[in-house]
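Look at the two complexes coming up: chain A is in both, with chain B in one and chain C in the other.
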Partner chain A sequence: MISLPVVLAVAAVMFGIGLYGVLGQTNTIMVMMGVELMLGASMLNLVGFMRYAWPDAASGAFFVLIVMTLMALEAAVGFGLVISVFRNRRTAELDDLTELGG
Partner chain B sequence: MVALLWAVVLLPLAAAAATRLAGPRADVVALAGAAVAAIPAWILLVAAAGGERATWAMTWLPAAPGLDVGLRLDALSVVMAVTVASVGLAVVAYAGGYFANEPRRPAALAGLLAFLCAMQGLVLADGYLTLLIFWEIVGALSARLIAFDRAEPDGPAGAVRAFLTTRAADVGLYVALLALYAGAGTLAFGSERPGGELGALVGIGLVLAAMGKSAQAPLQGWLAGAMAGPTPVSALLHSATMVAAGVYLLVRSHELLAGWPLEIAGWVGAITAVAGAVIALAQQDLKRVLAASTTSQLGLMFVGAAAGGPAVAIFHLVAHAAGKATLFLAAGMFQHDREGTALERLRGAGRDDRAAMAIFAVGALSIAAVPPFAAFWSKDAITAAAEGHAGWLALVLLAGAGGAAYLLRVARILWAPAPHTRPVVAGHRMMAGAAGTLAAASVGLGLAGAPLAALLSAQPPAITVTSVVLSLIAAAVGAGAILLGWRAPAPVAAAARAGLYADAMLRTVVQAPVALGARLAARWDDRMLDGAIVDGTGRVTLRIAHAQRRLEERRIDAAVDELARAVGRAGAQNRRLQTGRLHEYLRDTVLGTMAVVVLIALAAVL
Partner chain C sequence: MSGLGTALVFWPGAVIMLATAVYVFRTSSMARAGLLLLASLGVEGLLFLALASEFLGVLQLLMMSGEMVVMTFFMVMFMPDPGGLMGMDMIHDKRRSASLAVAVTVALAVFAVLTDWPAETLNGEAPDVRQIGFEVMGRSMFSFLFAGITILFAMVGGTMLAKHGGRFAVEAEGDAR
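Let's turn to the complex of A and B:
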């Protein structure tokens, strides 16, 4: 059985990579992948704590399922937007999309 | 006694209300009401003859002593009350027939009964304040009754004229009472006339008010105009009762007016007596002849009040009330027979309607002072009283000759041969009955002189041989002039037809200055008060308001603008945060989350 610190360390690394992707990448796709990584890290945390602290409770697993569904939806909407933007602009660079600036 | 006094005043009013609601049987209800209302007056007469006196008073203004309102029973008031109630009864009975074809008969009869209430209040009033109240009610009701016939074109004009003339003269009553209250401190009857200017105002004012109400020259014109009213109204108001109120006022104020005011009243009366007779000779309408005759006879009463005292004036007042009401009621019968009162239209009416002619003859003989009819005795008392005063005596005798002349002239026209035209008139029997009763009274009243004087505790009217002879000669001269076909010179006749130009004179002397003053006042009002002061104030106020508004607007606008600018500045500041670059948002989100975490951690640690 993998010990909790290992799980938490892996999750922390994943979150850090995701955070770097969100903040550091310029391509929208890459930013979204960073978001996915961060969500994955938090799911890993949920599962780890669930297994370690309340091995018999199912609520943690349900949370994970809900987050997964959200991730799928988010990815679908996000990719749809990106495709639509790309068709109009021929670009997927985040820093080119500043129309909503005040 | 007090309850009976109230009954005399209020029963006619109750009868008026009942009559107004009675519908088609209004004549019966009105007759019954007038009869019942006359009973307490007669009871009071009997009681007063037995020495009974009573007063009822109520403090009107506690802060102003001497301003009590009240009713009084004394010899003078009870004689007047009985006269009013009795003539009123006869006239109401007559009016039931007179108005037989009148759709508004209940209103007419109720109006007569309501007038009786006001008149009883006037004669039974204790103190000038109460008298003044009823004096005004009487005037107002009179105008209403004159204008009763809405189809009569002259009705409203006559009513307005009567009302305005009497009201104008009533100003004298107000002035007199104010002066009396200022001088004597009370408005009770029988107070002393104050000295100096106040006394002069009291004297002039009371005489003026009496002149207006009693249609004395030169204010007599309204009485002719009042003849546009229905004939029962003329009989009751404009011959027997209301116009007698002026004489009553003189008699009631006898002590107050002693001296020069009565002297003035006597001269006014003497001149009016002749002027009225001259005017009566020239009129072409029966009712206008009778109106002018009333003016003349009231003038005689003024002379009587001035020369002979209360008993003489009141004796003639009572005798004249019966005689003249009789004449008017007969005139109303002719009016129904011939549908009009123009003398030309009435030519020969007496031959068609013998009952009316007989009644008319009795009234005419009485008023023309033919013995033994009532007004002979009363007028002779006036002649006798005026014996010591050559000017008055001459005018009274002249008026007596005129009285015989104008009545004989009218009687000859009524009795002239003419084609027979006699329609069947509704209500004729009722009219004849009531008029006949009054005619009988005007015969019998000649005997009332001595008892009346005893009741009024005055000298019985002295009838001297001189006065009788002089009166009879005067009457014979007047009648002879008519029989011999004497004609007045054209200018005199024209002047008489025009009412001796009293109206033209009043227009020049009173109406023109008043109208001029009104125009000047109107111009002053328009230009100065309205133009300069009111409009000027308005303009200045508007200007101030505009300035104020601009100031306010500047201040408020400045505040509002400042707020908007501040909001704009804040918006510009905030706008910079919103770059549209998603990375910056994400960075801010991360930093913000970290800050929250740090805060929570700090809170947990601390």
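Let's turn to the complex of A and C:
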């Protein structure tokens, strides 16, 4: 059956997939997708803790709400940055964005 | 949901969630990658439902369906090869990033399995949604208000960054850009 270590292990695999995306992808939007997966893994951790370790604590749900907020913020600010960079450099490829100025 | 019911939803859901997450970075079509991420995070919402978090599960489905559709639009706009027809390789440092990701995954999974976590069984019903409401409107209200203000700042900041010419742009009178 399902237990807390099982949920945490599944979340660890999801976090690893997201980390691979963040480290390996060349496009800014794909890197943001990796970050989304890593945040999704952290939410799965929190729900697992809430279900199997502290079922009576409602504060766990609050933390999940905060992480969901963080995902929305990351997307909003990330898209703003991508639009800004694309206007200036005509690309969203990370390999071409190696200088802050110029 | 009983233990068997949870397992029947959790295992297939976990396999689909992880498989779609892997294919996000394997497909060469950007529209497909966005929809696969939507599938992955949507199935995660089903896992939340299976783990007796109905409110968070439904919220996850709603949030991710909106966010990922927006992300798919952005991917199609900004990728050099959105349809994946040119067979571009969009991965750099493949071996090092893969080995680091595998190492982190194994370390986290071993830590998760070997740690002696506190265990408490759920007493019958799932936690009452009202409890979350009392938590948000009571003890955690200040943090929740802070999150709301942060969202507002992010919206303003994102719009300013996306504005033509960036945040330092001085628009001429009557400039409609």
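Assume the second predicted complex is superposed on the first by the 98 of 102 C-alpha atoms of A that agree within 3 Å, B and C clash if a C-alpha of one lies under 4 Å from a C-alpha of the other, contacts with A are read in each partner's own complex, and residues count from 1 in each chain.
What we mean here is this: contacts are C-beta pairs under 8 Å (C-beta built on N, C-alpha and C of every residue); 3 or more make two chains touch, one makes a residue touch a chain.
From a predicted model like this one, the values you see are computed outputs, not experimental measurements.
Novice: Once the shared chain is lined up, is A:T98 touching chain B (first), chain C (second), both, or neither of them?
Specialist: first
Novice: In the superposed model, does chain B or chain C contact more residues of chain A?
Specialist: More residues of chain A are touched by C.
Novice: Quick one: is A:I66 in contact with chain B, with chain C, with both, or with neither? Answer first, second, both or neither.
Specialist: In the superposition, A:I66 contacts chain C only.
Novice: Quick one: is A:L23 in contact with chain B, with chain C, with both, or with neither? Answer first, second, both or neither.
Specialist: both
Novice: Quick one: is A:V31 in contact with chain B, with chain C, with both, or with neither? Answer first, second, both or neither.
Specialist: First partner only, chain B.
Novice: Could you pull out which residues of chain A sit against chain B in one structure and against chain C in the other?
Specialist: 19, 23, 26, 95
Novice: Sort out for me which residues of chain B touch chain A in the complex.
Specialist: Per the touch definition, chain B meets chain A at residues 574-583, 586-587, 590.
Novice: Any idea which chain A residues touch chain B in the complex?
Specialist: Result: residues 19, 22-23, 26, 31, 94-95, 97-102 of chain A touch chain B.
Novice: Give the list of chain A residues in touch with chain C in this complex.
Specialist: By the definition above, chain A touches chain C via 1-5, 7-21, 23-30, 32-34, 36-37, 40, 43-44, 47-48, 50-56, 58-59, 61-62, 64-66, 68-69, 71-73, 75-77, 79-84, 86-88, 91-93, 95.
Novice: Considering the complex alone, what residue numbers of chain C touch chain A?
Specialist: By the definition above, chain C touches chain A via 3-4, 6-7, 10, 14, 17-18, 21-22, 24-25, 30, 33-34, 37, 40-41, 44, 47-48, 51-53, 55-56, 59-60, 63, 67, 70-71, 74-75, 78-80, 90-94, 96-98, 100-102, 104-105, 108-109, 112-113, 115, 117-123, 127, 131-132, 134-136, 139-140, 143-144, 147, 150-151, 154-155, 157-162, 164-166.
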